[in-house]
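Consider the two complexes below, in which subunit A is the common component and subunit B and subunit C are the respective partners.
The block that comes next holds the complex of A and B.
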């Protein structure tokens, strides 16, 4: 059976502004995909450790040395909006 | 006389060394081929003529001065458009990155440049490498060079198509669930996914970080090894890159398979695989046995759950990685009253349907209340799959299967059915989940004249035996057919 999900909540969490028609479409598609993906729950996995990553690497250290970074102006040149060496974004906090 | 664009890298490199032609002439031949094929093929999103000619002329000057850098010096190579190229637009075939010009080169791009390779341009892909047909490109699909009504596979479909027709000698692609091997199979060329960590991913726009690997697409196994040798190795910019010396895979090509044990994966040789693909796969395996290998059937029971696990793990990681596209630092911005509205509108407008589908799927699989049942369980299944592979490699040196369950399908055929499209990667996904290397080698054509690839898989850092077997498969198949779009007939109306 297709999985029933609260697609509006998921879209809000993912920060994607979708209209009702798109939400209904994606909700139905995801329900079908998840119905297939749910098969993983059929396998017994008691005591099985999850694999998050194929390598046994624990950490990778480098010397703590001062190195040049990317050029600030070149990086900011790609921004949709920048001012005085900063990225500029719309208001985040209510001023009220 | 052979058109220079049809040479292999090793032939072209010898010709340059002998002074029979220049790097500029090689590049001109490749660009002429692109001029003939691109109108139908659409393999390239960007061709950097100016940069390419400057690199070719520099290669010619080095050779004239006796300072050749290696076998790739002066060889035209294409780059998948999810690899950052300094000063050259990098879009990931997405509207959200339209016009983005990276301020740095990916490590693989820098290494190719150091090796003297000539970067021809950026190739088309499924948006952010999510897809199996290159139909999910925001800039229009790439066509299959063997039949333009069909897809080239994906997501590295542009890379596969341009190498197949000769508008590049080789290309780099990325492979998260088969995105190098499946298009290579569908376009009749060689495509290889290295061991996780063998090649640095610094400058590869991330899709699913525990699965993504960069690898070569080329017309021969030897050429694929040459390109891999140039880009492999530890990189301080990628914390997941292997610190050890890369395996000596370039030295094993002539060894043959006498005495090797080869396992045929039972789960990938039955239902769901096209009968003609199965027949060619069995014929290729028989040739390996005739060449002295011992062939046995091997079971990997958990592999039946690989597709399900992959479509939880990959979207989960994608939903996290693609959070960076928020209209702040690069790419598209759609204005909104607040920062959050701006971000949500930017993402809705900038991402295509498949990318949105996977972000939503991954967000759901990671969300409170569902994490253990979906993402956590998929990670445990991943462990079971890795155990199956480890057990198999206790008795065999390599595993083989078809690369793709079918040959190239028609444009639009699977576009409206995500599950049918996802099934295209059923044979290739297990190696990504395991983190192991795998390669696709062309072995024949089906009755429609479409290419079929054989997949060879090896244990982690087993590139040496992987290329050893791949070279024998190539010799045994004697695959010499060329796609219709690469021949001169396309010039006639």
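The block that comes next holds the complex of A and C.
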């Protein structure tokens, strides 16, 4: 059963610019993946514990200890733009 | 707002004061120099892997336990996906289903009434970086650039969400204040609103009184004091009622509290409705907080403000004094110690929450630095009880003690404030006054009581105000044969 996807919305949420041809292609491919998921979903899973992780492990913690941070000049040298120890990015409009 | 009822829920973010960040070893307390506590993990560099800080997990379990939540045995991290420059990974590690804590409650006392506020969830996440908007006008619309500091990125953040159980701005404020006290008592955060280590968002809607259907709600942000939390909610309730009464409808949106103008302003709405596409964080294992761990943490909790308040009331403090004392633990400690050593609760409570707090404020010091020792409080209270000091003179002595002039007795002597309660000395003073006013004594003998007050005044003047007026009156009545 074909699955209906708003592929343009998915692309927009992921901030990926796609042309019409790419939209059609990825739409079809994603559709196949979702169809597969639907088939799996149709299986009877009563009494089966949900698997959130494939590993039989929990609680990988670190102690609350401070480790050295990176050198700021080195960090900012990777950025397209920086000033006075800050990263500088184009202005943001949608929030006060 | 007659005829209307507000429905309010509050989301609170609390930064935990661990030494290192939530998922990396960068330090948390870094001062003002930007981007000096950053690493591949909190900058979201490709390939970096997060590892949870055990102390942060302990911190959130403390908060969830103190709020009476069910602490889930198994809890999961999720990615909350959105794009904003202060979020370098383009997702925030947070929780979704299976948060650390759920189904709690916080009991408040507002205007003598008890109110249980449901706690929907308590979940673990990480803070974002800080944006600084620069430009000509200082307003964001005029900002040419945004500057980013990632020192705060990845600081452990606990989100606490209430049920929509609050009905008035005053209740909302009381909730915020009590939550702040709890977090501080637990010692997991300094919870300073003005510095952003505790932040409130409020969801507000209104409906006709007597109806049960929820109205359209708005979310208000940017309240950085308890007072502005209360003011912002009060404004928003008024605004919504006005819109509805004019036949309009409330738009579901996020609004920004403008403290200077005292109003909420709609933030530019996003083109897309929010779609965070939550999915489980594949880089992190599930959390398992087993019974033994939960019990160990529960047993380690300090006395919470509500319990402390009840104890202080049992010692004789009234509700208001108990609340003030609990706000400043050193005052509660002093109160307890002084009262258990025999000082009257009323007197000591009023000194601690009145003169002593006022003195600290007047000299710009912390109460901890100026509060007198228990011995001094007990001695001072004892002198009042023994009628060596009048209530007024005791306050003068207290001022001297606060100013470092010495012990209460030393200050009372140096300032010559001790009352004369020695019978012999008083009798002498009374006899001299009676001898000077034989006519007045006659009137009293004839059954008039009014002139007694006149004679007491004369004795007080003769003793420089140091006589115990009750005793003086007693002696005059006896000697004048009233």
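Basically, the second predicted complex is superposed on the first by the 75 of 96 C-alpha atoms of A that agree within 3 Å, B and C clash if a C-alpha of one lies under 4 Å from a C-alpha of the other, contacts with A are read in each partner's own complex, and residues count from 1 in each chain.
FYI, contacts are C-beta pairs under 8 Å (C-beta built on N, C-alpha and C of every residue); 3 or more make two chains touch, one makes a residue touch a chain.
These numbers were taken from a predicted model, which means no experiment stands behind them.
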Subunit B versus subunit C as contact partner of A:48, first or second or both or neither: first
First (subunit B), second (subunit C), both or neither touched by A:69: second
Residue contacts on subunit A - larger count, subunit B or subunit C: B
Which superposed partner A:15 touches (first subunit B, second subunit C, both, neither): both
Touched partner set for A:86, first subunit B, second subunit C, both or neither: second
Touched partner set for A:60, first subunit B, second subunit C, both or neither: both
On subunit A, positions contacted by subunit B and by subunit C: 13, 15, 52-53, 55, 57, 59-60, 62, 70, 75, 87, 89-92
Contact set on subunit A toward subunit B in their complex: 5, 7, 10-11, 13-18, 26, 29-30, 32-34, 36-43, 45, 48-55, 57, 59-60, 62, 70-71, 74-75, 78-81, 87, 89-92
In the complex, subunit C residues that touch subunit A: 18-20, 24-27, 33-40, 43, 51-57, 74, 76, 81, 83-85, 131-133, 135, 140-141, 143-150, 222, 256, 265, 267-268, 270, 272, 275, 277, 280, 284-288
Residue ranges of subunit A touching subunit C (in the complex, touch as defined): 9, 12-13, 15, 52-53, 55, 57-70, 72, 75-76, 83-96
Residue ranges of subunit B touching subunit A (in the complex, touch as defined): 100-101, 103-104, 196-197, 210, 236, 239-240, 242, 302, 305, 307-309, 311-312, 319, 323, 326-333, 335-345, 347-348, 351, 356-357, 359-361, 363-365, 367, 373-374, 376-384, 386, 418-419, 422, 433-436, 460
